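Letters A, B and C mark the chains in the order given here, with residues in each chain numbered from 1 onward.
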Amino acid sequence: MGLVLAAGLGTRMRSPLAKVLHPLCGRPMVRWVVDAVQAAGLEPVVVVHHQEEAVRAALPGVRCARQEAPRGTGDAVRAAAAALPPTGVVVVVPGDVPLLEPAVLQALLSAHGDALCTVLSTVVADPAEYGRIVRDGERVVRIVEAAECTEEERAIPEVNAGVYAFDARWLRDEVLPALQPHPPKGELYLTDAVAMAAAAGRLQARCHADPGSLVGVNDRWALALAEDVLQERILAEHGRRGVTFHRPATVRVEAEVVLAPDVEVDPGAVLRGRTRVAEGARIGAGVVLEDTLVGPGAHVLPGSVCEGAEIGAAAEVGPMAHLRRGTHLGPRTRVGNFVETKNTTLAEGVKASHLSYLGDATVGEGTNVGAGTITCNYDGFRKHRTRIGRDVFVGSNTSLVAPLRIGDGALVGAGSVVTTDVPPEALAVARARQVNYPDGALTIREQFRERARHPPGDEEEG
Amino acid sequence: MGLVLAAGLGTRMRSPLAKVLHPLCGRPMVRWVVDAVQAAGLEPVVVVHHQEEAVRAALPGVRCARQEAPRGTGDAVRAAAAALPPTGVVVVVPGDVPLLEPAVLQALLSAHGDALCTVLSTVVADPAEYGRIVRDGERVVRIVEAAECTEEERAIPEVNAGVYAFDARWLRDEVLPALQPHPPKGELYLTDAVAMAAAAGRLQARCHADPGSLVGVNDRWALALAEDVLQERILAEHGRRGVTFHRPATVRVEAEVVLAPDVEVDPGAVLRGRTRVAEGARIGAGVVLEDTLVGPGAHVLPGSVCEGAEIGAAAEVGPMAHLRRGTHLGPRTRVGNFVETKNTTLAEGVKASHLSYLGDATVGEGTNVGAGTITCNYDGFRKHRTRIGRDVFVGSNTSLVAPLRIGDGALVGAGSVVTTDVPPEALAVARARQVNYPDGALTIREQFRERARHPPGDEEEG
Amino acid sequence: MGLVLAAGLGTRMRSPLAKVLHPLCGRPMVRWVVDAVQAAGLEPVVVVHHQEEAVRAALPGVRCARQEAPRGTGDAVRAAAAALPPTGVVVVVPGDVPLLEPAVLQALLSAHGDALCTVLSTVVADPAEYGRIVRDGERVVRIVEAAECTEEERAIPEVNAGVYAFDARWLRDEVLPALQPHPPKGELYLTDAVAMAAAAGRLQARCHADPGSLVGVNDRWALALAEDVLQERILAEHGRRGVTFHRPATVRVEAEVVLAPDVEVDPGAVLRGRTRVAEGARIGAGVVLEDTLVGPGAHVLPGSVCEGAEIGAAAEVGPMAHLRRGTHLGPRTRVGNFVETKNTTLAEGVKASHLSYLGDATVGEGTNVGAGTITCNYDGFRKHRTRIGRDVFVGSNTSLVAPLRIGDGALVGAGSVVTTDVPPEALAVARARQVNYPDGALTIREQFRERARHPPGDEEEG
């Protein structure tokens, strides 16, 4: 069994959110720890207290035990007493070590044998605040807290990583009942269990050389650095499976994201949530994808932002497009620069290349949506739908006042405000006739120049 | 006293700007050095020559001494002779070591005692060009320039970092008058003072293990690397105080920026100048903020650029919005994608969600600015103001020709060009009636197809 | 001669593209290797097989030899037998070591002397899969494959880097004819040549301390890391020549890009292809430039994307502008936010500051293009050109239906759809008169409110 201590608040995080709930690569910290415990073959039990419901919600299907008050690590283990197995091994892991790898836990288990307690230790350059592992030759004599070190002990670089394997029966029957509160707060210390094992001559330490994977996250800076480590693991895994990254250290790919082989990701891209990218797709520089499906061979060009969108095969999006929730782009569609879509479906081959807003719209195959087209989908009270047929040509700077239907093959003149349905193959125009006033520019300019000379008090500088 | 040598030009920077004025995290290089000197408890005096006025302007309130000609480090100290204290210690620091930390200077001072000169030294992997510290046991015998090293001396890894503590009286009364010009340029060398202290048997070296913080910036690559170090110090400080960074190595936060706890900053964000971000605000990927105030709980979504703007509490900006100087967004406002504001105030709850330009405008509470709205604020001569009341509904693709007033509760039809004031509660429309020509699309298409067959010579390919 | 082995496919790349063709900083992998060989003074010969034509095309002017089937490194060298020189030295280099530096090859050549074979070796922390260099004192006894190591040999950290210098005559006349196929695939191994040299007592190893520059790229993650190394070399070179980078590790500058001194590049910028940036220009955060010329003192503001564009001196572009192929911006022009240009020329001082699409357009000196201006350059069949004269004022939200000419000094009213040419100095207006309906907003709102109460089934939520 793997007991994960996740009851604390973590005041140094300076956050209303409990420490173990802070996400790393889109996954709550405690889930990284629980996943590692499970991957090591241990059944996890999580001790909860602060924001108990949120922690439980972050760990669906995982058994939790409630600690009634935050009274130390020993009390936390006691809170899970009912869940401890009668025999075998209990591994205790803090909830704030998201970099812990299953192999490290497995090595700890292998080393445990029939010891009462095996401490996971590591070697650090500056052991300042950590408990030192005092050995006599190979044998571990005891663990001494930093505050209680002798001069000689202070120099020991091997320290306690805070992860323990315990003999389950001994822990439950002999240790937990014997733990005594420590002043000033009356907390129970799990390190007392270690001392008991040492006293019995059955304490061990298993040293893991790399301290990096055992780091505890205590503040947001440690959180940022830990996320970088997890990020590199995620990206390396994708890279080995065939994804090309440019400047990988600038890329953010959350843990649940799925990338097919032969995907290419440019610098600064951020891929979040349930995003999935199919083979041969290319994600441009600075693109942000959240919960977005990118089809095979599609290109999302630099600076585009997509949330909850579906991009068809060989479609081209951006640069600087914004696809919002409910966007469905068919194969070989093109959504160009400064175009926003929301709750909108474009059939195969539709082009909306420039400066448009398509909200609550359906557009049929092969239609060309001109630059500056805007669906007026909101009347101040409700949103309405715009239905555009296939092979329609919507002229530039056109306003489509929904609810509206434009029939197949219709043509809408540039600059029109379309308020009533357009039949198939019809030409719709809503436009004043152009008048050229000869030398009119001279007259107008003179007026404006005059106005600038005698400002009515409503001008702005700059 | 701390004497900062900032007279040089720095030709290897290949810049019209004097080396010590190149900014690091938004602060001129020499200010980082002067700040470290002050933080170490020393009164700074800065020796200036090249671009003297600009250097003085970068250091308000700091005493400067003019070096008349660039005649070496010894001459630079002589230029400050009048400023030297009669007794005590003078620390001499080059103006191009922006990574120097106050604690290092304090350690140098502590080590100085009653020596005539204490050199700050460090240990480097490749000591090639640096002066070597020659010791006899612990005692420093002399410092030998790289060019004059014996084979044996060349292997010494402890080198001169170019920072010195001098006995002030000795420096002023005995060293400065005795310095002799060196051929070929007739420069005075401060290293001669070191040699004099060595000759008197009163030379020391205080070794600082980390060479990184003593690095001198001589070219733009060193500048870039030094900025990275300072950037990491700044971000770590913010992180420890409660700011979450994603991919911190991609984020740029200048030195004067203020971030409250529980702020979250996404990859690639750039925060410059006097930017301040309040608690709970979130800064999206690739956002650029310059001299911008972000209110509590506000979200600045990816790719937005803000300069001299003020963003209210719980406001939402972007993605890809551009707030320019004089923008004031009230609480719970929303400025969406492809919207630009300049010299514009939006009252509480105003929404301008898409594809708009609001320049020199005032918009009242609760008003909805439709997609594609443009304030025509410029007549070719002056800028004019647009005043929109509260609870107004401005339809899409509307041009508002300033100066203009739109009264409270008014409604402007989509596609209108509004040139005269709109009274409160009025409906303003400037729009041609829509005409549907049955089968008109077929006719027009045939014309265009024909034109394509017989191009008049004005067509473009592609 | 330098023989580059570039025949393989590289299945671990999981790519339809042969491994040696994968680009690093915009240059195919094999070209990095060939360039290093040439820079070391060796005439390159490249052994090709997979995607032979594409590899040849990536190496114009470089001699290639065809390997008929992929039958091992020995067979690859045999394929080039006709190209081997009669005497002298042949250096054999894998095509997948793009970080190899000329100085390393030169050191190998210097060490070679009259040996039959000199192996380039290096020292690695984890020699797991590499062949170990077995020495007796200084003398190299043999190289033993990882699979055949004794316990003792397994601990040797000096390994074979896969780069060899051979005596050319010996290689051609004695080694190649003697190579025997190995089961199971019947491949010829070049390591047999090494064994033959060892047997003759004339095998050497030249150890290069830095394993990083000898790394072989076998998967996309190694590709990403190798690109980072090359990128840092490129940026450091620019930095030393006077380019300021902010957050250099976030910047991508491809190998062919030319940057003048005193250029400044902000975080996240991506400079690709044949881009050239002149003195004093500034490239903003997240800007993407491809095959783009940036004139002296020009500013490309954050988030802009430029492809095949030419930006004049002191021009200002962006933020968030999109310049496409065939864009020519004159000196002191301004292309602002959310503006797209394509196949368009702006003369000196032209401003197009907001929300416009200029396609296939020519704009004369000093003209002001209002916000929301759109050239309707496409009629569904062909593209047409818009010609705007000098000192024209184009009002906001204007549609210019091409083909179209607007004369010098003309003025186009806001919101106009311009379909016929405008003479010089004329005022063109195509606009309906504004009508204000008193209390009309109240009436309309009541209608909309009513509609919301009794939806006709065409409304959208959200």
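Rule of thumb we're sticking to: a residue touches a chain if its C-beta (ideal position, glycine included) is under 8 Å from a C-beta of that chain, and two chains touch if they have at least 3 such contacts.
Since the model is a prediction, treat every value here as computed from it, not as a measurement.
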Arrangement of touching chains [line / ring / star / complete / other]: complete
Rotation angle (°) superposing Cα atoms of chain A on chain C, nearest 5: 120
Copy pair chain A, chain B: interface residue numbering same or different (half cut): different
Where chain A and chain B are represented by their mean Cα positions, the distance between them in whole Å: 29
Per-residue multi-chain contacts in chain B, two or more chains: 249-250, 268, 286, 303, 320, 338, 355, 372, 380, 393, 397, 415, 431-432, 445
Residue ranges of chain B touching chain C (in the complex, touch as defined): 12-16, 22, 219-225, 227-228, 231, 249-250, 252, 268, 270, 286, 288, 303, 305, 320, 322, 338, 340, 355-357, 372, 374, 376, 378, 380, 393, 397-399, 401, 409-411, 415-420, 422-423, 425-432, 445, 448-449, 451-452, 455-456, 458-462
Residue ranges of chain C touching chain B (in the complex, touch as defined): 235-236, 238-250, 261-262, 266-268, 284-286, 301-303, 319-320, 336-338, 343, 354-355, 360, 368, 370-372, 377, 379-385, 393, 395-397, 402-403, 413-415, 431-445
